[in-house]
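So that you can tell them apart, the chains are marked A, B, C and D in the order they are listed, and the count of residues begins at 1 in each.
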Amino acid sequence: MNVSIVPALKVLRPAAMLVIVVLVGLVLGYWANATFVPGDSPEQPIAFSHKIHAGDNEIPCLYCHTQARRSPSAGVPAVSKCVGCHLEVATEKPQIRLLMGYWENREPIPWIKVHDVPDFVHFTHKRHVLANIECQTCHGPVETMDRIRVTSRAVDGSAQAGQPWKMGLCLSCHRENEVENGTDCWTCHK
Amino acid sequence: MSLFSRFLDGWRKYRKPGYYEKFDYHWTMTVDLDKCTGCEACMMACQAENNIPVVGEDEVARGRELQWIRVERYWEGEYPNARLRFMPMMCQHCDAAPCETVCPVSATYHNQDGLNTQIYNRCIGTRSCAVYCPYEVRYFNYYDHGWDSPLEQQLNPDVTVRGKGVMEKCTFCIQRIRQAKDLAKDDDRRRVQDGEMQPACVQTCPTKALVFGDRNDPESQVSLSMDDPRSYRVLDELNTDSSVFYLKKVDA
Amino acid sequence: MTNNVVGLFHDPESALTAAGELKGAGFESLEIMSPVPIHGVEKVLGKKKSVIKNFTFTGALIGGMSGFALAAGTAVLYPHPVGGRPIITMPPFLIISYELTILFGILATVLGFIVSSRLPAFRNRVYVPEAAVDKFVVTAPCDDAEHYQRAKAILNAAGAEQVRKIRGDDL
Amino acid sequence: MTTPTERNDLGYNDIHEDVVRSIVKTGPKYYIALATAGSVTLLCFFFPWFYQLYYGIGAAGMNHPGVWGTYLSSFIFWIGLSHSGTLLSCVLHLTNSSWRKAMYRSAEAMTLFSLVVAATYVMVHVGRPWFIHWALPYPNQMELWPNFRSPLLFDVMAIATYITGSTIFIYMGSIPDFAAVRDRTSGWRNTMYTLLSLGWRGTDKEWHRLHWAYTFLAVLIIPLAVSVHSIVSWDFAMSIVPALHQTIFAPYFVVGAIYSGTAGIVTVMFVLRKTMGFEQYITKLHFDNLGKLLLVLSLIWTYINAVELFTGWYSGSSEEYEALGYKLFGFYAPLYWEMILFCAVAPLLMFSTRFRTSFVPMLILSIAINIGMYTERFLIIATSLSRQYLPDAWGVYVPSLVEISIMVGSFALFTTLFLVFVKIFPSVSMYEVKETMATPKIEPLAPASGSPA
């Protein structure tokens, strides 16, 4: 007669394999989702390209998002702002005709909001713009994007496509720059 | 800064109590009970400013009202010689607050403005802070309260709408304090000036019984009011070191 | 693969006697299996020392220190001034450290038990199921037939109810 | 050595048979009991809880100022009930009391399951249980950690340690028994017991190691158990609420916990004895000894209660006076006097040996004590919160139907867990009962030849 736990382990082998496969699948799935699946990037009513405007033509962000330096929200430009240029520029392109359609109907363009801070956060663009923080610090390389896409920054500073903002990002930056009351919860949550 | 040097730095800085005495601001309120008429306008102003839901008759009857400031009524003597006294009671923003130590998740703590914070999205709803608070000024959201349309249109966008299972309390209108500081920064001023900012209740009080300001500024209205000989703090014997001073009602 | 001789006894005293005699006759790595712990094994098979106490002590020590480090370290990483107390508040942090002392002490004791008793058994080991019920069993490895006969004689003389041979390939 | 069994002719093999039978032979009664307990748990515990999760804590009767209610008193009750099993078992192990051996396994199981129920109650109690993990220390990208200065967090740490410790303690004490059951079972049971027993063989070395490991665990768990209920008491005593801010709370809670836990053991012993056929192992001796312990505990408990009243009265503070008067004559006064009757007066019956050795009266008394102890926990919260500093905030708290249903359901949950336990664990420790007996007399396995002189 003898005793060991090996036979019992053998009986459990299929179950253990199943658990391992499921675990590995979960980890792989998470990784693949984080790496390959593009983040939130909805199709806008007009295929506006930040690459053409901010990248190729080097229009400063604040030229259109004028409210960013004055108010908590950066805002989207009014249709008149677009039309101001596009009465002259690239008037024949189909997307511009779409734009002119809104202009003539006196309707705002129903842009879909892409970048949104999580609930319970009061973020103000004004203080960050006035502190000379590059827009790309949080929004990623917008000037290279044809269609805007959620991009945040890892705590180490690298751009993370498809990732929403997390509190650790705000905190690490506030800590690095020794912002006054930068880690006080009431600075952002109230 | 590496983790270890942050640890060492923190150790040196925070080993002894008392570091909190060097607040940037020390927001303080005084309540002149001689001037208070018990009109409860402060309660209404607070309700409107801070998105405080109306819980309804039934819930109030069960003792679940939400009101960050309440006017307590005390009768002294028997009819017909009864005298009525009012005492507006809101979060006292104690510097040695009993509620802060008990929160297991640091949803309430003391910030550098000398304020007792309440972070709604960190709160897990153990309700211990409400038990520990001797002033009974912490209110709990027993349900998700809604606003009948179109009342939701009047919600203050600068204040979080709290959901069920969250503790809430008076913040001295932190959204207004932040705004005042924001404007002060724009003007390259270093400090918020006295009277530049007032919480909703102070702004509304018709008899100016409430005074709000920075205690660190010896010239401020609140500092002068605090030094009044009638000044006292409620339950001072508990050593909560509260930031709301009451000026005693003087009987004629 | 070594063969084993197994003697079943029905009381602990005769099992101990048999074990003593086998040891005297030069058999080594004797084991006594029993349904209950036997008193007096140490006199026959020699004193045992366990390393468990070292595990427990080390675990408790590490637990106490890491408990304090956890509480104090996390408090300075994100300082939240609370109730006018210092950030590194001794009395409550010592309570955390006390609890972790015990937790790590317990976990280390379990580890010490597993290490020192060589459990779980991943390789087959000599076993007699009756030992879990009411028999006291003496086992000794024996390589050849001559050894086996000698052991059998000793066991029978000590009053064994049964002597079995468990061959190496059975294991 | 004294034999705790009534019949002295019991052999090793009889015990073996009895215990294995209690595991493998399952009658329809068992399944009926399990199904009943399980469905009551589902209906009375989980269903109302989900209702409460959906609508918010408002489903319970809590209000302002009674923000804590029966959820917390049930939590303390279950934590308290957990105190006797493992603690008593450890003390009796270290003092080498032989009467412990037949009952300690089920007492420890009681500890474990009470703790599980108590931990569940924490989830029921908090307003947003889906964020309960924020109270656990784990690294995160915000470097934001729980507040280690909070007595509630001491609770988290202490209860986590206690659950770990008592699980390990009951498991380690059962390893030899798992091995014994392993040899008698087949199929999935055999697989389970092989793994649980780790390949235990009962060699002299293994026994030696087990003895020391077990002793060290016992030594570690005694201070742990004392600390757990002290910490629970600090949830209250560290506040500045008039009737809660008392230095005597830690010993008060520990004594109360052991008291109600011991009464719980008496109840469980009685039920096990009747339903599992352990009449021979759980005897008058156990009831007698537990009765003596209960009597001592009730006297200490009464004394501490008197001290609590005295300090309140002697303090001369108006808030303490008010709270004290409210406790004795206020809204909750009938409950207070019921508690005094059940926990201080009725246990005096146990001065009589005849009472201690009668099973049914002991059962009734043990249940009465636990009802009284539950009331005590409820009163600590309800009366103290009703009368605090500012008279404007005085109020009364009454539990709602949801709370009462969850309380009933928690007992069913405990019963369900316990019913599962008796079919997996040998609920009487075989090897330790064997240890108390003389060398085996009957030999059903081997032929009688060669029996020693």
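Simple rule for what comes next: a residue touches a chain if its C-beta (ideal position, glycine included) is under 8 Å from a C-beta of that chain, and two chains touch if they have at least 3 such contacts.
Because the structure is predicted, anything quoted here is derived from the model rather than measured.
Ranked by how close its C-alpha mean sits to the mean of all protein C-alpha atoms, the top chain is D.
Chain centres here are means of the Cα atoms, and by that rule the chain farthest away from subunit B is C. Note on chain placement: the centre of subunit A and the centre of subunit D lie 52 Å apart, centres being C-alpha means. Taking each chain's centre as the mean of its C-alpha atoms, subunit B lies 43 Å from subunit D. One finds 58 Å separating the Cα centroids of subunit A and subunit C. Distance from the subunit B centre to the subunit C centre is 62 Å, each centre being the mean of its Cα atoms.
Shown for subunit C are the residues in touch with two or more other chains, namely 75, 77-80, 82-83, 85, 120-122, 125-127, 129. The residues of subunit B that reach two or more other chains are 98, 101, 103, 106, 109, 111, 122, listed in rising order. The residues of subunit A that reach two or more other chains are 3-5, listed in rising order.
If the chains shown are joined wherever they touch, the resulting network links each chain directly to all the rest.
Interface residues of subunit B, counted against subunit D in their complex, comprise 59, 62-65, 70, 72-74, 87, 89, 98, 101-106, 109, 122-128, 130-132, 134-136, 139-144, 164-167, 234-235, 238. Taken in their complex, subunit C has these residues touching subunit B: 72-73, 75-88. The touching residues of subunit B, counted against subunit C in their complex, run 3, 6-7, 9-11, 13-20, 95-101, 103, 106, 109-111, 241. Residues of subunit C touching subunit D in their complex: 8-14, 31-38, 41, 45, 48, 50, 52-53, 56, 60, 70-71, 74-75, 77-78, 80, 82-83, 85, 89, 92-93, 95-96, 98-100, 102-103, 105-107, 109-110, 112-114, 116-117, 119-122, 125-127, 129-135, 156, 159-162.
Subunit A meets subunit B in the complex at residues 119-120, 122, 124, 126-127, 130, 175, 180-181, 184-187, 189-190.
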